[in-house]
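Both of the next two complexes hold chain A, though its partner changes from chain B to chain C.
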Partner chain A sequence: MTNREKYVQAFVEGLEINADQTEGLAYEAIPEWDSVGHMNLIGCLEEAFDIMMETDDIIELNSFEKGIEILKKYGITIA
Partner chain B sequence: MEMDLDTLLEMDPYALKKEEKERALSETLKSLTIYHRKHCEYYDNLLSALDVRDGGSYYDLPMLPVRLFKKYELFSVPREEIKKVMTSSGTSGQQVSKVFLDTRNIRSQSRVLTHLISSFIGRERLPMIVLDTKLVKKDRKMYSARGAGITGFSMYGRNIFYALDENMELDEGGLREYLAEHGNGRILLFGYTYMIWQYVIREMEKRGIAMDIRDGALFHVGGWKKLKDQSVDSETYNRRVRQRLGNLAIHNYYGMAEQLGSIYIECEYGHMHCSNYSDVVIRNPKDFSVCRTREKGLMEVVSILPTSYPGHILLTEDEGEILGEDDCPCGRCGKYFKIYGRIKNAEVRGCSDTYERP
Partner chain C sequence: MFQNYGERPALIDENYGALSYQQLFADAEVLYRQIGKRCLVFSLCRNSAESVIGYVSFLNHRVAPLLLPEGLDGTLLHTLVELYRPQFIWCPEERRGQLPEWEKAYQQRNYVLLKTGYEECELFDELALLLTTSGSTGSPKLVRQSYKNIKANMESIASYLELDETERPITTLPMNYTYGLSIINSHLYVGAAILLTEKPLTQRAFWDFLERRQASSIAGVPYTYEMLDKLKLFRMRLPSLRTMTQAGGKLSPELHKKFAEYAEREGKRFIVMYGQTEATARMAYLPYEKSLEKYGSMGIAIPGGRFELIDADGKTIEAEETVGELVYYGENVTLGYAEKRADLKLGDERNGRLVTGDMAKRDADGFYYIVGRKKRFLKIFGNRVNLDETERMVKREFPGLDCAAAGRDDHLYVFVTDGEKADAVKRYLTEKTGLNGSAFTVKGIDAIPKNDAGKTLYKELEEIT
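For the complex of A and B:
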């Protein structure tokens, strides 16, 4: 799996949504991505990329695109 | 000078001393009052009906009784910008409060909560034990303060373990396993004051078991009423929690659904602390004049965080007293205080529209 596939998969699993819903998605834009969904998503991302995110980054990760930017800090490039 | 959130987030959250804080807080709360009057019609009507003085200090600004949030839907942003409606847990038979949050307000709450918590435990996310059950996601749009508290706190932990199963039974085996794996380093624990007592500590006492956490930080929140009924004070509570769980720094905290984020955390000397973001004023329940230090009265709580609803200056139904200011032996600046819990017959005072027979 490419990093992008892993990234999308984390959203699919963490938020229990379809892959075609992920792009452009923002926090609180759909009922699934609420604070409960958010923590599931973080768990999935951490597992998929074997990282531990800082609390500030967990708060700042408020969209699909923002997440890609944040993961760069952890040395993960998503093309 | 008004307070700027980004600047405050760079500072120690307990750095501001009396004079500087009072000046900055006054400016900030004054502009918030003007802002909310402009954007929340009901709030403006209410304040117009009162004789609002424009004094120099936030002590003179109008307070809203918290119970207004149970009666009215108060918000200061366009309806479509509201992303979350927080409800208070409220005891059965009572109406719940509704707090309307937009993206900006949700974010500032999280950032400030993080700032406060991390000043106690550091920025690293610790292995975390929730002394509660994993709540099922029901109606997610209207989620309860209890669920929100657990989810919100989960951000400070990792590898989260829920110590109670869905029947509220203590998972002793699971807990031992978790501690075997993570017990060598520091551990974060979170739960609700009474739930911890009833379902964890009392249960462990009944079973005659104990855990040996070497280095833990327990944060707990919630009412003391049921504990008081059992004559359990905070010293007893802390002693028996440590007897059963091990070496814990115990931080009770006080906060309300109407002012999430700017919570009041108990320090190692057992004092609740106001931070740069908040303050407590004790009021005489008869005439609402300001009480002296060490004088019991009604608690007014102020916070610079509420921007999407007019909840920045609230009169609670809790009784407390200020113990001191800027001189707690723990070194934190700001006021520190003690809470006695809900006043009796809270419904007879407060706003005139809430008259109820006892």
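For the complex of A and C:
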């Protein structure tokens, strides 16, 4: 699986949504992405990329695109 | 009910900034003039100035409100309106679209007062407030709280938490939820300033507001503390934060210990508490000095209250470390339930004694520990979800399907006899309750296990969850 596929899969699993809903998605834009969904998403991202995210990064990840930017800090490039 | 502390700040709203007690009382007065007499009002709550102004207006002028979540599903809201027929609805302007049948009588900031035209109803003289037993499923079963209940509980809470006017709690729980409301009550009582935000603690805006406005305390249900743990709160610098309280379900002993240690290390207070809507809010607390020594315990009765444990025959259990049903006595024990409009005229049906439905034991030092629950409900992210009601909702929506609900806190399992409908049932529950879908698992099963009398065998179901 490419990093992008893993990244999309974390959204699909963490928020229980379809892959075609992920692009352009922002926090609270859908009922699934509430605070509970957010923590599930973070858990899925941490597992998929075997990382431990910092508090600042967890609370700043408020969109699909922002997450790609944040993951760069952890050495993960999503093309 | 509430006292005017003049120029002191009462509310600090993330959108409107600070409002003094003077302004709060003036705005509450203007709102009351539109209502003009004792009656029933539905208030759709959010953590904002308008919502608190409405609440203070109603309580101070003997208008009885039913507090509901602002996001309550439209169908469930209409069912409640038709059942109780309130004279007014106080709600965010955005909800207007869903309630077009009623005339707008007044507007204050982003809230509107809708006049329904329903005939007056008889209210018991001491009836102050109505809260739902299970907000998310729109249950028609309400808890009736009296003026004396609210007053007794807020005084007791202010005393054991040692609250004074320097406190600045930040909202992390809905206002229509008894625990969230008790924070508003007890802090208005001492003349403190309440920081009002709708932002969740998973977003930076919440922490910026907390820091900028120097919040002194935070409150949470077990799930909140699980989130704070994952957010690595232990590494955050939060100098203004003095107190952290927890209620709304049993925190795991591991997390209790972890937060107690953190608090001790950082010179903060971590206070685990126990309560129910039926007891206005609070019944017990674990003094912070004992937080580490007695982790896993929900503490001792609050000032003015006392506990008793009873066995299956209703006899008092004197022995320590023996499990029995927890019974509470105190002035905050509410009047009783209402299930229809005519029940609003009922008087006090409990006389200061509440059989909690929780199973507990007491240690040699007199500290109580919750070990289980008698009643058929779960707490999901702090919200009470009634299992029998969930079954009724699903059966009503999906005729011809048999179902049974079981589970543990934070996770509800629904077994349905038509596996193909599992996804639709899950979607329905998520939509109606407004709770995150990860809390629900819907499984197909050939038949619901039942005994000869037709009673569902939940024990068997629990084994396959």
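FYI, the second predicted complex is superposed on the first by the 79 of 79 C-alpha atoms of A that agree within 3 Å, B and C clash if a C-alpha of one lies under 4 Å from a C-alpha of the other, contacts with A are read in each partner's own complex, and residues count from 1 in each chain.
Operating definition for what follows: contacts are C-beta pairs under 8 Å (C-beta built on N, C-alpha and C of every residue); 3 or more make two chains touch, one makes a residue touch a chain.
Here the structure is a predicted model, which is why all the values come from computation and not from measurement.
J.: Should A:31 be classified as contacting the first partner (chain B), the second (chain C), both, or neither?
T.: Both partners.
J.: Does chain B (first) or chain C (second) touch A:58, or do both, or does neither?
T.: both
J.: I'd like to know which partner A:22 touches here: chain B for first, chain C for second, both or neither.
T.: neither
J.: If we overlay the two complexes on their shared chain A, which of chain B and chain C does A:9 touch? Say first, second, both or neither.
T.: The answer is neither, since A:9 touches no partner chain.
J.: Looking at chain A, which partner touches more of its residues: chain C or chain B?
T.: Comparing touch counts on chain A for chain B and chain C gives C.
J.: After overlaying the two complexes on chain A, where does the chain B footprint on chain A coincide with the chain C footprint?
T.: Residues 27, 31, 34-36, 39, 54-56, 58-59, 62 of chain A touch both chain B and chain C.
J.: Report the residues of chain C in contact with chain A in the complex, numbered from low to high.
T.: Per the touch definition, chain C meets chain A at residues 200-204, 206-207, 223, 226-227, 230-233, 235-236, 381, 430-431, 434-439.
J.: Spell out the residues on chain A that touch chain C in their complex, using ranges where they run on.
T.: Interface residues on chain A, with respect to chain C: 16, 27, 31-32, 34-40, 42-43, 54-56, 58-60, 62.
J.: Along chain A, where are the residues that touch chain B in the complex?
T.: Chain A residues touching chain B: 27-28, 31, 34-36, 39, 46, 52-56, 58-59, 62.
J.: Would you pull the chain B residues touching chain A in the complex into a rising list?
T.: Residues 83-84, 103, 106-107, 110-111, 114, 118, 123, 125, 137, 140-141, 143, 147-148, 151-152, 154-156, 158 of chain B touch chain A in their complex.
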